[in-house]
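Look for chain A in each of the two complexes below; its partner is chain B in the first and chain C in the second.
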Partner chain A sequence: MADRPVPLAERRLMDVKLAELPNWLGKRDFTPNGLIRSVRGGYDRYFNKYINVKKGGIGGIAMLLVGYIALSYAWEYDHIKHDRWRKYH
Partner chain B sequence: MALNFFDQFLSPTHLGIPLVLIAMIFPWVLYPSPSNRWLNNRLVTLQGQFFNRFTQQLLLPLNQGGHKWALILLSLMVFLLSINMLGMLPYTFTPTTQLSLNMGFAVPFWLATVIIGMRNQPTAALGHLLPEGTPVPLIPVLIIIETISLFIRPIALGVRLTANLTAGHLLIQLIAT
Partner chain C sequence: MLSRLVLTSGSALKNSGSFGACVVQASRSIHSSPQSKAPLPPLPEKGGKIRHGIFPEELFSLLYPKTGVTGPYMLGTGLLLYMLSKEIYVINHETFAALSISSVIIYGIKKFGPGVAAYADKLNEEKVAKAQEVKDVAVARLAQAIEDEKKEQWRVEGRHMLFDTKRNNVTMLLETNYRERLHMVTSEVKRRLDYQVELQNLHRRMEQEHMVNWVEQNVVKSITPQQEKESIAKCISDLKVLAKATQARAAV
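Let's look at the complex of A and B:
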(Lines of atoms letter the chains of each structure in order from A and count residues from 1; the text may use other names and numbers.)
(Lines give C-alpha, C1' and ligand atoms only; values in the text may rest on other atoms or scores of the structure.)
Protein backbone atom coordinates (compact mmCIF):
# COMPACT_ATOMS: atom_id res chain seq x y z
CA MET A 1 0.00 0.00 0.00
CA ALA A 2 2.48 2.66 -1.12
CA ASP A 3 0.32 5.70 -1.69
CA ARG A 4 1.77 9.17 -1.74
CA PRO A 5 3.33 10.20 1.62
CA VAL A 6 1.01 12.03 4.04
CA PRO A 7 2.46 15.06 5.81
CA LEU A 8 3.33 14.50 9.46
CA ALA A 9 0.81 16.95 10.85
CA GLU A 10 -2.15 15.19 9.31
CA ARG A 11 -1.33 11.64 10.26
CA ARG A 12 -3.20 9.74 12.92
CA LEU A 13 -1.42 8.65 16.08
CA MET A 14 -1.12 5.03 15.04
CA ASP A 15 0.60 5.98 11.78
CA VAL A 16 3.30 8.08 13.40
CA LYS A 17 6.65 6.41 13.93
CA LEU A 18 8.06 6.48 17.44
CA ALA A 19 10.99 8.69 16.47
CA GLU A 20 8.64 11.25 14.94
CA LEU A 21 6.43 11.49 18.02
CA PRO A 22 7.83 14.76 19.47
CA ASN A 23 7.52 16.45 16.10
CA TRP A 24 3.98 15.22 15.71
CA LEU A 25 3.04 16.45 19.19
CA GLY A 26 4.53 19.83 18.39
CA LYS A 27 2.36 20.20 15.31
CA ARG A 28 -0.92 19.36 17.05
CA ASP A 29 -3.39 22.13 17.73
CA PHE A 30 -3.36 22.91 21.44
CA THR A 31 -5.44 26.05 21.31
CA PRO A 32 -8.73 25.89 23.26
CA ASN A 33 -10.65 25.50 20.01
CA GLY A 34 -8.37 22.72 18.95
CA LEU A 35 -8.72 20.96 22.29
CA ILE A 36 -12.49 21.21 22.17
CA ARG A 37 -12.48 19.93 18.60
CA SER A 38 -10.31 16.94 19.51
CA VAL A 39 -12.46 16.08 22.55
CA ARG A 40 -15.61 16.40 20.48
CA GLY A 41 -14.08 14.28 17.71
CA GLY A 42 -13.05 11.59 20.17
CA TYR A 43 -16.49 11.55 21.74
CA ASP A 44 -18.19 11.34 18.33
CA ARG A 45 -15.95 8.47 17.27
CA TYR A 46 -16.69 6.55 20.45
CA PHE A 47 -20.39 7.32 20.29
CA ASN A 48 -20.77 6.26 16.66
CA LYS A 49 -18.80 3.10 17.13
CA TYR A 50 -20.32 1.73 20.31
CA ILE A 51 -23.57 3.43 21.12
CA ASN A 52 -25.14 4.76 17.96
CA VAL A 53 -25.56 1.28 16.44
CA LYS A 54 -28.66 -0.67 15.69
CA LYS A 55 -28.32 -3.24 18.45
CA GLY A 56 -26.03 -1.63 20.97
CA GLY A 57 -25.59 -3.52 24.16
CA ILE A 58 -24.46 -2.60 27.62
CA GLY A 59 -20.82 -2.53 26.52
CA GLY A 60 -20.94 1.04 25.28
CA ILE A 61 -22.01 2.51 28.60
CA ALA A 62 -20.10 -0.05 30.66
CA MET A 63 -16.80 0.98 29.10
CA LEU A 64 -17.53 4.60 29.92
CA LEU A 65 -18.30 3.76 33.53
CA VAL A 66 -15.23 1.59 33.95
CA GLY A 67 -13.13 4.37 32.48
CA TYR A 68 -14.70 6.77 34.96
CA ILE A 69 -13.90 4.44 37.85
CA ALA A 70 -10.30 4.12 36.66
CA LEU A 71 -9.99 7.88 36.34
CA SER A 72 -11.39 8.43 39.84
CA TYR A 73 -9.01 5.83 41.24
CA ALA A 74 -6.06 7.53 39.60
CA TRP A 75 -7.18 10.90 40.93
CA GLU A 76 -7.51 9.59 44.47
CA TYR A 77 -4.48 7.35 44.50
CA ASP A 78 -2.41 9.60 46.70
CA HIS A 79 -5.15 9.47 49.27
CA ILE A 80 -6.00 5.78 48.97
CA LYS A 81 -2.46 4.44 49.15
CA HIS A 82 -2.45 5.03 52.91
CA ASP A 83 -5.21 2.46 53.30
CA ARG A 84 -3.26 -0.40 51.79
CA TRP A 85 -1.56 -1.98 54.79
CA ARG A 86 -3.39 -0.22 57.54
CA LYS A 87 -4.63 -2.54 60.29
CA TYR A 88 -7.61 -0.49 61.48
CA HIS A 89 -9.43 1.66 58.97
CA MET B 1 -10.09 5.91 63.74
CA ALA B 2 -13.34 7.77 63.37
CA LEU B 3 -11.54 10.66 61.72
CA ASN B 4 -10.64 8.65 58.64
CA PHE B 5 -14.20 7.82 57.75
CA PHE B 6 -14.82 11.36 56.60
CA ASP B 7 -11.78 11.51 54.38
CA GLN B 8 -13.71 10.01 51.54
CA PHE B 9 -15.60 13.28 51.22
CA LEU B 10 -12.56 15.38 50.44
CA SER B 11 -12.19 16.44 46.86
CA PRO B 12 -8.70 15.49 45.68
CA THR B 13 -6.82 17.64 43.22
CA HIS B 14 -4.50 16.18 40.65
CA LEU B 15 -2.61 18.19 38.06
CA GLY B 16 -4.59 21.14 39.31
CA ILE B 17 -7.95 19.72 38.34
CA PRO B 18 -10.25 18.85 41.20
CA LEU B 19 -12.12 15.59 40.96
CA VAL B 20 -15.38 17.35 41.72
CA LEU B 21 -15.17 19.03 38.34
CA ILE B 22 -14.88 15.72 36.53
CA ALA B 23 -17.62 14.23 38.67
CA MET B 24 -19.99 17.03 37.73
CA ILE B 25 -19.20 17.00 34.02
CA PHE B 26 -19.28 13.23 33.56
CA PRO B 27 -23.08 12.83 33.62
CA TRP B 28 -23.18 15.02 30.52
CA VAL B 29 -21.34 12.27 28.67
CA LEU B 30 -23.94 9.66 29.54
CA TYR B 31 -26.87 11.49 27.97
CA PRO B 32 -26.29 11.94 24.23
CA SER B 33 -28.53 14.40 22.51
CA PRO B 34 -31.17 12.65 20.43
CA SER B 35 -31.09 13.22 16.72
CA ASN B 36 -34.29 13.85 14.81
CA ARG B 37 -34.24 10.43 13.25
CA TRP B 38 -37.29 8.32 13.52
CA LEU B 39 -35.44 5.40 15.10
CA ASN B 40 -32.62 6.34 17.44
CA ASN B 41 -30.12 4.05 19.06
CA ARG B 42 -31.22 2.06 22.08
CA LEU B 43 -29.64 4.31 24.66
CA VAL B 44 -31.34 7.43 23.39
CA THR B 45 -34.66 5.63 23.04
CA LEU B 46 -34.56 4.29 26.57
CA GLN B 47 -33.58 7.64 27.98
CA GLY B 48 -36.30 9.37 26.01
CA GLN B 49 -38.94 7.01 27.35
CA PHE B 50 -37.66 7.43 30.88
CA PHE B 51 -37.66 11.23 30.65
CA ASN B 52 -41.13 11.28 29.13
CA ARG B 53 -42.58 9.11 31.85
CA PHE B 54 -40.74 11.06 34.52
CA THR B 55 -42.03 14.40 33.27
CA GLN B 56 -45.53 13.09 32.94
CA GLN B 57 -45.52 11.95 36.56
CA LEU B 58 -43.93 15.20 37.64
CA LEU B 59 -46.50 17.42 35.97
CA LEU B 60 -49.61 15.49 36.96
CA PRO B 61 -50.61 17.72 39.88
CA LEU B 62 -49.77 20.98 38.11
CA ASN B 63 -52.06 23.12 35.99
CA GLN B 64 -51.15 24.54 32.60
CA GLY B 65 -49.05 27.36 34.03
CA GLY B 66 -46.95 24.93 36.01
CA HIS B 67 -45.85 23.13 32.87
CA LYS B 68 -43.37 25.91 32.21
CA TRP B 69 -41.27 24.48 35.00
CA ALA B 70 -40.95 21.09 33.30
CA LEU B 71 -37.54 21.59 31.73
CA ILE B 72 -35.76 23.04 34.72
CA LEU B 73 -37.24 20.55 37.15
CA LEU B 74 -36.51 17.59 34.91
CA SER B 75 -32.95 18.62 34.24
CA LEU B 76 -32.29 19.27 37.92
CA MET B 77 -33.73 15.94 38.98
CA VAL B 78 -31.94 13.96 36.30
CA PHE B 79 -28.68 15.69 37.15
CA LEU B 80 -28.98 14.91 40.84
CA LEU B 81 -30.14 11.37 40.13
CA SER B 82 -27.21 10.61 37.85
CA ILE B 83 -24.66 12.23 40.16
CA ASN B 84 -25.93 10.26 43.14
CA MET B 85 -26.10 6.98 41.23
CA LEU B 86 -22.60 7.48 39.86
CA GLY B 87 -21.44 7.96 43.42
CA MET B 88 -22.31 4.34 44.06
CA LEU B 89 -19.49 3.17 41.83
CA PRO B 90 -16.23 2.36 43.63
CA TYR B 91 -13.67 5.11 44.06
CA THR B 92 -15.94 7.79 42.62
CA PHE B 93 -16.61 11.13 44.21
CA THR B 94 -20.14 12.33 44.91
CA PRO B 95 -20.39 16.12 44.65
CA THR B 96 -23.73 16.21 46.46
CA THR B 97 -22.08 15.24 49.73
CA GLN B 98 -20.73 18.77 49.81
CA LEU B 99 -23.10 21.16 51.56
CA SER B 100 -21.94 24.00 49.33
CA LEU B 101 -23.31 22.39 46.21
CA ASN B 102 -26.65 21.50 47.76
CA MET B 103 -27.16 24.96 49.18
CA GLY B 104 -26.17 26.32 45.79
CA PHE B 105 -29.07 24.40 44.34
CA ALA B 106 -31.57 24.91 47.14
CA VAL B 107 -31.39 28.64 47.79
CA PRO B 108 -31.72 29.94 44.21
CA PHE B 109 -34.56 27.57 43.41
CA TRP B 110 -36.47 28.35 46.54
CA LEU B 111 -35.91 32.07 46.18
CA ALA B 112 -37.03 31.92 42.54
CA THR B 113 -40.29 30.20 43.42
CA VAL B 114 -41.03 32.60 46.26
CA ILE B 115 -40.23 35.72 44.25
CA ILE B 116 -42.15 34.58 41.18
CA GLY B 117 -45.11 33.72 43.37
CA MET B 118 -44.99 37.12 45.05
CA ARG B 119 -44.76 38.93 41.74
CA ASN B 120 -47.47 37.09 39.85
CA GLN B 121 -50.11 36.69 42.53
CA PRO B 122 -49.11 38.32 45.81
CA THR B 123 -52.38 37.71 47.61
CA ALA B 124 -52.37 34.00 46.90
CA ALA B 125 -48.70 33.76 47.82
CA LEU B 126 -49.33 35.46 51.14
CA GLY B 127 -52.47 33.41 51.58
CA HIS B 128 -50.37 30.26 51.63
CA LEU B 129 -49.06 31.36 54.98
CA LEU B 130 -52.36 30.45 56.61
CA PRO B 131 -53.77 26.95 56.12
CA GLU B 132 -57.48 26.71 55.47
CA GLY B 133 -59.83 26.10 58.31
CA THR B 134 -57.66 27.16 61.20
CA PRO B 135 -59.46 28.26 64.35
CA VAL B 136 -59.46 32.06 64.74
CA PRO B 137 -57.44 32.26 67.99
CA LEU B 138 -54.63 30.31 66.42
CA ILE B 139 -54.18 32.60 63.42
CA PRO B 140 -51.30 34.82 64.66
CA VAL B 141 -49.26 31.92 65.93
CA LEU B 142 -49.79 29.98 62.78
CA ILE B 143 -48.73 32.81 60.51
CA ILE B 144 -45.49 33.13 62.41
CA ILE B 145 -44.93 29.41 62.24
CA GLU B 146 -45.64 29.26 58.53
CA THR B 147 -43.28 32.19 57.85
CA ILE B 148 -40.52 30.49 59.78
CA SER B 149 -41.12 27.26 57.90
CA LEU B 150 -40.99 29.13 54.62
CA PHE B 151 -37.60 30.59 55.39
CA ILE B 152 -36.18 27.40 56.78
CA ARG B 153 -37.15 25.48 53.66
CA PRO B 154 -33.96 25.97 51.60
CA ILE B 155 -31.75 25.11 54.54
CA ALA B 156 -33.86 22.03 55.21
CA LEU B 157 -33.74 20.90 51.60
CA GLY B 158 -30.05 21.45 51.15
CA VAL B 159 -29.04 19.90 54.42
CA ARG B 160 -31.39 16.98 53.87
CA LEU B 161 -29.73 16.00 50.61
CA THR B 162 -26.26 16.38 52.04
CA ALA B 163 -27.06 14.42 55.15
CA ASN B 164 -28.75 11.60 53.27
CA LEU B 165 -25.88 11.09 50.88
CA THR B 166 -23.17 11.49 53.45
CA ALA B 167 -24.91 9.10 55.82
CA GLY B 168 -25.36 6.56 53.06
CA HIS B 169 -21.72 6.62 52.02
CA LEU B 170 -20.56 6.55 55.61
CA LEU B 171 -22.78 3.58 56.36
CA ILE B 172 -21.44 1.69 53.39
CA GLN B 173 -17.91 2.32 54.50
CA LEU B 174 -18.66 1.33 58.10
CA ILE B 175 -20.24 -1.93 57.03
CA ALA B 176 -17.35 -2.67 54.72
CA THR B 177 -14.63 -2.50 57.34
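Let's look at the complex of A and C:
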Protein backbone atom coordinates (compact mmCIF):
# COMPACT_ATOMS: atom_id res chain seq x y z
CA MET A 1 0.00 0.00 0.00
CA ALA A 2 2.71 2.51 -0.98
CA ASP A 3 0.49 5.25 -2.38
CA ARG A 4 1.62 8.80 -2.76
CA PRO A 5 2.59 10.14 0.70
CA VAL A 6 -0.60 11.25 2.44
CA PRO A 7 -0.13 14.43 4.44
CA LEU A 8 0.12 13.82 8.15
CA ALA A 9 -2.99 15.70 9.10
CA GLU A 10 -5.26 13.52 7.05
CA ARG A 11 -4.00 10.15 8.12
CA ARG A 12 -6.00 7.96 10.38
CA LEU A 13 -4.73 7.08 13.80
CA MET A 14 -3.69 3.55 12.92
CA ASP A 15 -1.60 4.78 10.03
CA VAL A 16 0.37 7.26 12.09
CA LYS A 17 3.76 6.09 13.26
CA LEU A 18 4.48 6.31 16.94
CA ALA A 19 7.10 9.01 16.53
CA GLU A 20 4.73 11.20 14.61
CA LEU A 21 2.04 10.97 17.22
CA PRO A 22 2.55 14.37 18.90
CA ASN A 23 2.66 16.06 15.51
CA TRP A 24 -0.47 14.31 14.48
CA LEU A 25 -2.23 15.25 17.69
CA GLY A 26 -1.22 18.83 17.17
CA LYS A 27 -2.75 18.96 13.74
CA ARG A 28 -6.12 17.61 14.76
CA ASP A 29 -9.05 19.97 14.88
CA PHE A 30 -9.92 20.68 18.52
CA THR A 31 -12.43 23.43 17.94
CA PRO A 32 -15.92 22.58 19.23
CA ASN A 33 -17.06 22.12 15.67
CA GLY A 34 -14.18 19.82 14.99
CA LEU A 35 -14.87 17.86 18.16
CA ILE A 36 -18.50 17.45 17.30
CA ARG A 37 -17.58 16.41 13.79
CA SER A 38 -15.13 13.83 15.00
CA VAL A 39 -17.62 12.41 17.48
CA ARG A 40 -20.28 12.29 14.79
CA GLY A 41 -17.81 10.67 12.42
CA GLY A 42 -16.91 8.04 14.97
CA TYR A 43 -20.53 7.33 15.70
CA ASP A 44 -21.33 7.04 12.01
CA ARG A 45 -18.46 4.63 11.42
CA TYR A 46 -19.47 2.46 14.33
CA PHE A 47 -23.12 2.53 13.38
CA ASN A 48 -22.52 1.68 9.76
CA LYS A 49 -20.11 -1.08 10.55
CA TYR A 50 -21.97 -2.94 13.26
CA ILE A 51 -25.62 -1.90 13.32
CA ASN A 52 -26.73 -0.65 9.94
CA VAL A 53 -26.46 -4.06 8.27
CA LYS A 54 -28.95 -6.62 7.15
CA LYS A 55 -27.88 -9.35 9.56
CA GLY A 56 -26.46 -7.61 12.58
CA GLY A 57 -25.64 -9.62 15.63
CA ILE A 58 -25.64 -9.03 19.33
CA GLY A 59 -22.14 -7.55 19.12
CA GLY A 60 -23.23 -4.15 17.88
CA ILE A 61 -25.05 -3.31 21.06
CA ALA A 62 -23.11 -5.62 23.37
CA MET A 63 -19.89 -3.74 22.72
CA LEU A 64 -21.57 -0.47 23.56
CA LEU A 65 -22.95 -1.95 26.78
CA VAL A 66 -19.58 -3.38 27.77
CA GLY A 67 -18.00 -0.03 27.14
CA TYR A 68 -20.66 1.62 29.28
CA ILE A 69 -20.09 -0.90 32.06
CA ALA A 70 -16.34 -0.36 31.96
CA LEU A 71 -16.67 3.41 31.99
CA SER A 72 -19.13 3.44 34.87
CA TYR A 73 -16.86 1.07 36.82
CA ALA A 74 -13.95 3.40 36.22
CA TRP A 75 -15.93 6.42 37.42
CA GLU A 76 -17.14 4.58 40.47
CA TYR A 77 -13.71 3.15 41.36
CA ASP A 78 -13.08 5.58 44.18
CA HIS A 79 -16.24 4.36 45.83
CA ILE A 80 -15.61 0.70 45.07
CA LYS A 81 -12.08 0.94 46.49
CA HIS A 82 -13.50 0.58 49.97
CA ASP A 83 -14.82 -2.93 49.22
CA ARG A 84 -11.33 -4.31 48.67
CA TRP A 85 -10.52 -7.54 50.44
CA ARG A 86 -6.89 -6.85 51.15
CA LYS A 87 -5.23 -3.67 52.08
CA TYR A 88 -1.86 -4.37 50.49
CA HIS A 89 -1.41 -5.82 47.04
CA MET B 1 -29.78 -10.05 16.31
CA LEU B 2 -30.91 -7.36 18.63
CA SER B 3 -29.64 -4.95 16.07
CA ARG B 4 -31.93 -6.60 13.60
CA LEU B 5 -34.84 -5.72 15.85
CA VAL B 6 -33.31 -2.31 16.07
CA LEU B 7 -33.35 -2.09 12.32
CA THR B 8 -36.91 -3.32 11.92
CA SER B 9 -38.21 -0.80 14.39
CA GLY B 10 -35.68 1.21 12.58
CA SER B 11 -37.65 4.40 12.37
CA ALA B 12 -37.55 4.74 16.14
CA LEU B 13 -33.81 4.43 16.25
CA LYS B 14 -33.22 6.36 13.12
CA ASN B 15 -35.39 9.27 14.08
CA SER B 16 -34.76 9.59 17.76
CA GLY B 17 -31.75 11.86 17.72
CA SER B 18 -29.63 9.16 16.15
CA PHE B 19 -30.11 10.51 12.71
CA GLY B 20 -26.82 9.03 11.77
CA ALA B 21 -28.23 6.84 9.11
CA CYS B 22 -30.41 9.55 7.69
CA VAL B 23 -27.50 11.94 7.86
CA VAL B 24 -25.31 9.41 6.14
CA GLN B 25 -27.86 8.75 3.48
CA ALA B 26 -28.77 12.39 3.18
CA SER B 27 -25.15 13.40 3.09
CA ARG B 28 -24.72 11.05 0.20
CA SER B 29 -27.02 13.31 -1.76
CA ILE B 30 -26.14 16.68 -0.23
CA HIS B 31 -22.40 16.25 -0.65
CA SER B 32 -21.94 17.81 -4.04
CA SER B 33 -24.07 20.70 -5.13
CA PRO B 34 -25.29 18.89 -8.25
CA GLN B 35 -27.09 16.01 -6.58
CA SER B 36 -25.84 12.66 -7.74
CA LYS B 37 -28.72 10.50 -8.81
CA ALA B 38 -26.78 7.27 -8.37
CA PRO B 39 -28.79 4.73 -6.41
CA LEU B 40 -27.76 4.08 -2.84
CA PRO B 41 -25.43 1.13 -2.38
CA PRO B 42 -27.31 -1.76 -0.73
CA LEU B 43 -26.87 -2.44 2.95
CA PRO B 44 -24.00 -4.79 3.72
CA GLU B 45 -25.11 -8.30 4.58
CA LYS B 46 -23.12 -8.77 7.76
CA GLY B 47 -21.52 -6.32 10.12
CA GLY B 48 -17.96 -6.31 11.32
CA LYS B 49 -16.98 -9.63 12.76
CA ILE B 50 -17.12 -9.94 16.52
CA ARG B 51 -15.87 -12.81 18.56
CA HIS B 52 -17.64 -13.97 21.70
CA GLY B 53 -20.12 -11.17 21.32
CA ILE B 54 -17.97 -8.38 22.65
CA PHE B 55 -14.50 -8.53 21.12
CA PRO B 56 -14.10 -7.19 17.59
CA GLU B 57 -12.15 -9.35 15.24
CA GLU B 58 -9.67 -6.55 14.61
CA LEU B 59 -8.08 -7.22 17.97
CA PHE B 60 -7.38 -10.82 17.04
CA SER B 61 -6.02 -10.00 13.61
CA LEU B 62 -3.86 -7.28 15.17
CA LEU B 63 -2.15 -9.72 17.50
CA TYR B 64 -2.02 -12.69 15.17
CA PRO B 65 1.31 -11.95 13.43
CA LYS B 66 3.17 -11.66 16.71
CA THR B 67 1.43 -14.12 19.00
CA GLY B 68 -0.54 -16.50 16.83
CA VAL B 69 -3.99 -17.73 17.59
CA THR B 70 -3.85 -17.87 21.39
CA GLY B 71 -2.35 -14.44 21.77
CA PRO B 72 -5.49 -12.46 22.55
CA TYR B 73 -6.72 -15.16 24.90
CA MET B 74 -3.47 -15.05 26.83
CA LEU B 75 -3.75 -11.28 26.86
CA GLY B 76 -7.24 -11.55 28.23
CA THR B 77 -6.32 -14.05 30.90
CA GLY B 78 -3.30 -12.02 31.94
CA LEU B 79 -5.28 -8.85 32.16
CA LEU B 80 -7.99 -10.55 34.15
CA LEU B 81 -5.57 -12.02 36.65
CA TYR B 82 -3.72 -8.74 36.96
CA MET B 83 -6.90 -6.86 37.67
CA LEU B 84 -8.05 -9.45 40.19
CA SER B 85 -4.76 -9.68 42.00
CA LYS B 86 -4.22 -5.97 42.24
CA GLU B 87 -7.89 -5.58 43.03
CA ILE B 88 -8.39 -3.12 40.26
CA TYR B 89 -11.49 -5.17 39.77
CA VAL B 90 -12.97 -5.70 43.22
CA ILE B 91 -15.12 -8.77 43.95
CA ASN B 92 -18.15 -7.64 45.87
CA HIS B 93 -21.87 -8.21 45.87
CA GLU B 94 -22.10 -6.61 42.44
CA THR B 95 -19.87 -9.30 40.99
CA PHE B 96 -22.38 -12.00 41.82
CA ALA B 97 -25.22 -9.86 40.55
CA ALA B 98 -23.32 -9.32 37.31
CA LEU B 99 -22.51 -13.02 37.00
CA SER B 100 -26.11 -14.12 37.47
CA ILE B 101 -27.53 -11.47 35.20
CA SER B 102 -25.01 -12.11 32.49
CA SER B 103 -25.53 -15.87 32.64
CA VAL B 104 -29.28 -15.39 32.26
CA ILE B 105 -28.76 -12.97 29.41
CA ILE B 106 -26.34 -15.25 27.64
CA TYR B 107 -28.65 -18.22 28.09
CA GLY B 108 -31.54 -16.22 26.73
CA ILE B 109 -29.56 -14.99 23.74
CA LYS B 110 -28.25 -18.42 22.94
CA LYS B 111 -31.67 -19.98 23.15
CA PHE B 112 -33.94 -17.37 21.59
CA GLY B 113 -31.48 -15.55 19.42
CA PRO B 114 -32.06 -17.39 16.17
CA GLY B 115 -35.83 -17.28 16.64
CA VAL B 116 -35.90 -13.55 17.14
CA ALA B 117 -33.46 -13.11 14.30
CA ALA B 118 -35.68 -15.09 11.96
CA TYR B 119 -38.70 -13.07 13.03
CA ALA B 120 -36.89 -9.78 12.48
CA ASP B 121 -35.69 -11.03 9.12
CA LYS B 122 -39.24 -11.92 8.19
CA LEU B 123 -40.42 -8.43 9.09
CA ASN B 124 -37.64 -6.95 7.03
CA GLU B 125 -38.53 -9.22 4.14
CA GLU B 126 -42.13 -8.11 4.28
CA LYS B 127 -41.16 -4.47 4.21
CA VAL B 128 -38.82 -5.00 1.30
CA ALA B 129 -41.41 -7.08 -0.51
CA LYS B 130 -43.99 -4.37 -0.08
CA ALA B 131 -41.65 -1.71 -1.42
CA GLN B 132 -40.67 -4.01 -4.25
CA GLU B 133 -44.31 -4.60 -5.03
CA VAL B 134 -44.98 -0.90 -5.19
CA LYS B 135 -42.03 -0.51 -7.49
CA ASP B 136 -43.17 -3.42 -9.64
CA VAL B 137 -46.67 -2.05 -9.90
CA ALA B 138 -45.31 1.34 -10.88
CA VAL B 139 -43.00 -0.21 -13.46
CA ALA B 140 -45.81 -2.33 -14.87
CA ARG B 141 -48.07 0.69 -15.09
CA LEU B 142 -45.39 2.68 -16.84
CA ALA B 143 -44.72 -0.15 -19.27
CA GLN B 144 -48.43 -0.30 -19.97
CA ALA B 145 -48.42 3.44 -20.54
CA ILE B 146 -45.58 3.00 -23.01
CA GLU B 147 -47.58 0.34 -24.85
CA ASP B 148 -50.60 2.59 -24.99
CA GLU B 149 -48.51 5.46 -26.23
CA LYS B 150 -47.08 3.32 -29.02
CA LYS B 151 -50.57 2.25 -29.96
CA GLU B 152 -51.71 5.85 -30.09
CA GLN B 153 -48.80 6.69 -32.32
CA TRP B 154 -49.79 3.87 -34.62
CA ARG B 155 -53.32 5.14 -34.62
CA VAL B 156 -52.18 8.57 -35.59
CA GLU B 157 -50.69 7.17 -38.75
CA GLY B 158 -54.11 6.11 -39.93
CA ARG B 159 -55.76 9.41 -39.40
CA HIS B 160 -55.60 10.41 -43.05
CA MET B 161 -58.19 7.71 -43.73
CA LEU B 162 -60.35 9.24 -41.06
CA PHE B 163 -60.06 12.65 -42.60
CA ASP B 164 -60.93 11.34 -46.06
CA THR B 165 -64.07 9.74 -44.72
CA LYS B 166 -65.03 12.88 -42.92
CA ARG B 167 -64.40 14.97 -45.99
CA ASN B 168 -66.59 12.62 -48.03
CA ASN B 169 -69.32 12.87 -45.45
CA VAL B 170 -69.23 16.62 -45.50
CA THR B 171 -69.33 16.86 -49.27
CA MET B 172 -72.22 14.47 -49.37
CA LEU B 173 -74.11 16.54 -46.87
CA LEU B 174 -73.46 19.68 -48.82
CA GLU B 175 -74.54 17.97 -52.02
CA THR B 176 -77.74 16.70 -50.46
CA ASN B 177 -78.55 20.08 -49.07
CA TYR B 178 -77.96 21.77 -52.37
CA ARG B 179 -80.17 19.31 -54.21
CA GLU B 180 -82.93 19.68 -51.68
CA ARG B 181 -82.92 23.41 -52.02
CA LEU B 182 -82.82 23.18 -55.76
CA HIS B 183 -85.82 20.88 -55.72
CA MET B 184 -87.69 23.23 -53.42
CA VAL B 185 -86.95 26.16 -55.67
CA THR B 186 -88.22 24.37 -58.77
CA SER B 187 -91.37 23.16 -57.05
CA GLU B 188 -92.17 26.62 -55.77
CA VAL B 189 -91.62 28.20 -59.14
CA LYS B 190 -93.75 25.53 -60.77
CA ARG B 191 -96.53 26.16 -58.29
CA ARG B 192 -96.59 29.82 -59.01
CA LEU B 193 -96.56 29.25 -62.74
CA ASP B 194 -99.39 26.70 -62.44
CA TYR B 195 -101.36 29.24 -60.53
CA GLN B 196 -100.97 31.76 -63.26
CA VAL B 197 -102.01 29.19 -65.89
CA GLU B 198 -105.09 28.26 -63.90
CA LEU B 199 -105.93 31.88 -63.54
CA GLN B 200 -105.83 32.41 -67.28
CA ASN B 201 -107.93 29.31 -67.86
CA LEU B 202 -110.44 30.52 -65.39
CA HIS B 203 -110.64 33.87 -67.12
CA ARG B 204 -111.25 32.31 -70.51
CA ARG B 205 -113.87 29.92 -69.19
CA MET B 206 -115.72 32.60 -67.42
CA GLU B 207 -115.67 34.76 -70.46
CA GLN B 208 -116.96 31.88 -72.56
CA GLU B 209 -119.75 31.02 -70.23
CA HIS B 210 -120.75 34.55 -69.80
CA MET B 211 -120.82 35.06 -73.49
CA VAL B 212 -122.85 31.90 -74.07
CA ASN B 213 -125.32 32.85 -71.41
CA TRP B 214 -125.64 36.28 -72.80
CA VAL B 215 -126.20 34.96 -76.31
CA GLU B 216 -128.76 32.47 -75.04
CA GLN B 217 -130.62 35.08 -73.17
CA ASN B 218 -130.63 37.37 -76.12
CA VAL B 219 -131.87 34.65 -78.41
CA VAL B 220 -134.55 33.59 -76.00
CA LYS B 221 -135.56 37.17 -75.65
CA SER B 222 -135.68 37.62 -79.38
CA ILE B 223 -137.97 34.69 -79.90
CA THR B 224 -141.39 36.48 -80.05
CA PRO B 225 -144.53 34.56 -79.24
CA GLN B 226 -145.44 34.81 -82.95
CA GLN B 227 -142.33 33.04 -84.00
CA GLU B 228 -142.88 30.47 -81.29
CA LYS B 229 -146.31 29.53 -82.69
CA GLU B 230 -144.90 29.33 -86.15
CA SER B 231 -142.05 27.13 -85.18
CA ILE B 232 -144.28 24.80 -83.16
CA ALA B 233 -146.65 24.42 -86.19
CA LYS B 234 -143.65 23.74 -88.39
CA CYS B 235 -142.40 21.14 -86.01
CA ILE B 236 -145.75 19.36 -85.91
CA SER B 237 -145.97 19.26 -89.70
CA ASP B 238 -142.42 17.97 -89.93
CA LEU B 239 -143.21 15.30 -87.40
CA LYS B 240 -146.27 14.24 -89.42
CA VAL B 241 -144.20 13.93 -92.54
CA LEU B 242 -141.59 11.91 -90.72
CA ALA B 243 -144.24 9.63 -89.27
CA LYS B 244 -145.63 8.98 -92.69
CA ALA B 245 -142.20 8.24 -94.02
CA THR B 246 -141.39 5.76 -91.25
CA GLN B 247 -144.78 4.09 -91.59
CA ALA B 248 -144.15 3.62 -95.23
CA ARG B 249 -140.73 2.27 -94.59
CA ALA B 250 -141.97 -0.14 -91.90
CA ALA B 251 -144.72 -1.41 -94.21
CA VAL B 252 -142.09 -2.11 -96.80
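By definition in this document, the second predicted complex is superposed on the first by the 85 of 89 C-alpha atoms of A that agree within 3 Å, B and C clash if a C-alpha of one lies under 4 Å from a C-alpha of the other, contacts with A are read in each partner's own complex, and residues count from 1 in each chain.
Methods note: a contact is a pair of C-beta atoms (placed from the backbone, for glycine too) under 8 Å apart; a residue touches a chain by one contact, two chains touch by 3 or more.
Predicted model, so just to flag it, every value in this text is computed and none were measured.
Residue contacts after overlaying the shared chain place A:N52 against chain B and chain C alike. In the superposed model, A:L71 makes contact with chain B only, not with chain C.
After overlaying the two complexes on the shared chain, residue contacts for A:K81 are found with chain C alone; chain B is out of touch. Contacts of A:I61 after superposition: both chain B and chain C are touched. Within chain A, the residues touched by chain B in the first complex and by chain C in the second are 43, 47, 51-56, 60-61, 73, 80, 89. Contacts from chain B toward chain A in the complex involve residues 1, 4, 7, 10, 12, 14, 19, 22-23, 26, 29-30, 32, 41-43, 86, 89-93, 177. Partner chain C is touched in their complex by these residues of chain A: 40, 43-44, 47-63, 66, 73, 77, 80-81, 83-86, 89. Taken in their complex, chain C has these residues touching chain A: 1-4, 6-7, 18, 20-21, 23-24, 43-48, 50, 53-54, 56, 85-92, 109, 113, 117, 121, 124. Within the complex formed with chain B, the residues of chain A that make contact are 43, 47, 51-56, 60-61, 64-65, 68-69, 71-76, 78-80, 88-89.
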